[in-house]
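Structures are listed in the sections that come next.
You will see chain A twice below: alongside chain B first, and alongside chain C after that.
Take a look at the complex of A and B:
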């Protein structure tokens, strides 16, 4: 899988949504992206990219788009 | 006392009890809007399973007394030899006296036994109480010290609050700490981030906001349908997650550095069982192999506050060979701590179920008891 595919996959599997919906998601924008869903997404991203996110980045990851910016800090382009 | 080492103090034995009543998360689908997917997701991510909960007749002192008697009876020491007792609990029986004083009478300890409670740290309380116990024994102020830790965490939230109640269970643990001539170094590291004091809190019931009629019946329903009161255990979950994943790996590493060792030399790491996700996240950050820690205790008993980290240790000692253990706790305060202990020859009793004896007072009977007790005025 490409990084883009891995990134989308983390959202679609965590929140059980389609690709197009995943790209529009924001924290607490759907019932599945609550605080429990959020920590599950963090785990999925850390596993997919073999990284450990900084605690500040965990809280900053407020949308699909914001996640791209955060991963760039770890030299991961999606 | 951020870091301390004690060279001639040991843990002799450990015991634990949980109340007989239990709740299975599978039976709580009504609290998840009857949404099977939501329930299954929370089970998988958080590790939700079963939690043991007290009935209204059972208090912290009851569980502590049972755990203490189990341990004293098994190790076979004379109760009169216990010259200090610490009770670590956020669920004290009374505003005062200290639960340790109540237990001193019930256990029949020596009048020269010093008793004190440590309260208000809950999640990390056992670590702090253990450090204090080791310091007391190391200083010579006690030769045999009984440390009891208990929280009735299930009673501090409304069952309709899915942010907290489903996480919490009740338990008590007993630890006997003694001086020893054998060199047996134990290393502790503790810390506090008091600027996060309001992230995990029971807002009402203390002197800041005493419980009066204006809040006694005040029920809040948040936008997600969770129901809570100001006298409940409330938390900012993601802030606590950030705190835990930020400080705990550093805490563990500093303890290891202080002890001049590394995780490869630790047989088991007992974590405060906040929930599976937090524990796994911390373990991932310190690169701890899955076989060297567990979240099973959370699934079996829930997060039991101050008793949890020791409950995890006892469970592990009953299932595997552990010579050196690292204990890690974090939470209310916000506070955290870690220690490295020699566990060789430590007696660890199996976790057992406490059955409420016949004759224990119901809530209504307790109310009437206290009215009657003081109705006659000040005369004894």
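Take a look at the complex of A and C:
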């Protein structure tokens, strides 16, 4: 799996949405992306990329697109 | 700490300050039964004052907020740990410790509410592995000091969740049933499908007269809960 595929997979499996919808998602934009969903997403990303996100980054991860920027800080290009 | 009268006995409830998880304690002589020990310092103080020598610990599931008191208890007392095999698999590996989920939830709450709860949470880096003395796949009957406990696996909130019926009068439901909130099945290891396929039918078949002793929030008689949610 490429990084892009792993990244999308984390969103599609966590929130049970399709790939195209995943790319448009924002925090609290759908019922599944609430604080519990957010924890599940963080756990999925940390496992997929073998990283531990900083608290500031956990808060900043407010959309699919924002997540790309955050992962770049961990030298992960998505 | 407060106490309930259940089965004509005092059942003490210790609710943790940050996560508000309920640990339940039953004492008989110098022996104690503890369900889901949290990190409330009151528990250790109480047990020492009561000169407890042996503690039997029941777990309703593997999540950090329900197990975090165990390492401390094991350094002070002789313990016997009982849980489901699904729970046992998870707690056997310290890498599976889900303290960070609690931390992340608090961070989210702080971001939304302007609180600073995450700063107070001391368990984020906590790591411990636990090995049960008794485990079961689906069901277990476990007598303790004249009391009868029936464990039933109730997957959904987590893979290793169970409910524990006490003398057909009360049931420790962990996070598989609450009196005042919805059950969460979306954490890693949870399964909405398993909850509806296995756990909900089991809970629906329980007696109206059972006292629900949940992992969070207030207790409630099953009949009252059914009336509220009908």
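Worth a mention:
Following the convention adopted for this analysis, the second predicted complex is superposed on the first by the 78 of 78 C-alpha atoms of A that agree within 3 Å, B and C clash if a C-alpha of one lies under 4 Å from a C-alpha of the other, contacts with A are read in each partner's own complex, and residues count from 1 in each chain.
Here, a residue touches a chain if its C-beta (ideal position, glycine included) is under 8 Å from a C-beta of that chain, and two chains touch if they have at least 3 such contacts.
All of these numbers come straight from a predicted model, not from anything done at the bench.
Bringing the complexes onto one copy of chain A puts chain B in a clash with chain C.
Looking at the shared chain after the overlay, A:58 reaches both chain B and chain C. Considering which of chain B and chain C touches more of chain A, the answer is B.
After overlaying the two complexes on the shared chain, residue contacts for A:70 are found with neither chain B nor chain C. Looking at the shared chain after the overlay, A:35 reaches both chain B and chain C.
Shared-chain residue A:44: touches chain C; no touch with chain B. None of the stretches 166-174, 256-264 or 364-372 of chain B clash with chain C in the superposition except 166-174.
Applying the stated touch rule to the two superposed structures, the overlap between the chain B and chain C interfaces on chain A comprises residues 32, 35-40, 42-43, 55, 58-59.
Contacts from chain A toward chain C in the complex involve residues 32, 35-40, 42-44, 55, 58-59. The touching residues of chain B, counted against chain A in their complex, run 37-38, 41-42, 45-46, 163, 224, 237-239, 241-243, 245-246, 277-278, 280-281, 284-285.
Those residues of chain A lying in contact with chain B across their complex are 16, 31-32, 34-40, 42-43, 46, 52, 55-56, 58-59.
Interface of chain C with chain A (complex): residues 100-101, 104-105, 107-109, 111-112, 118, 184, 186-188.
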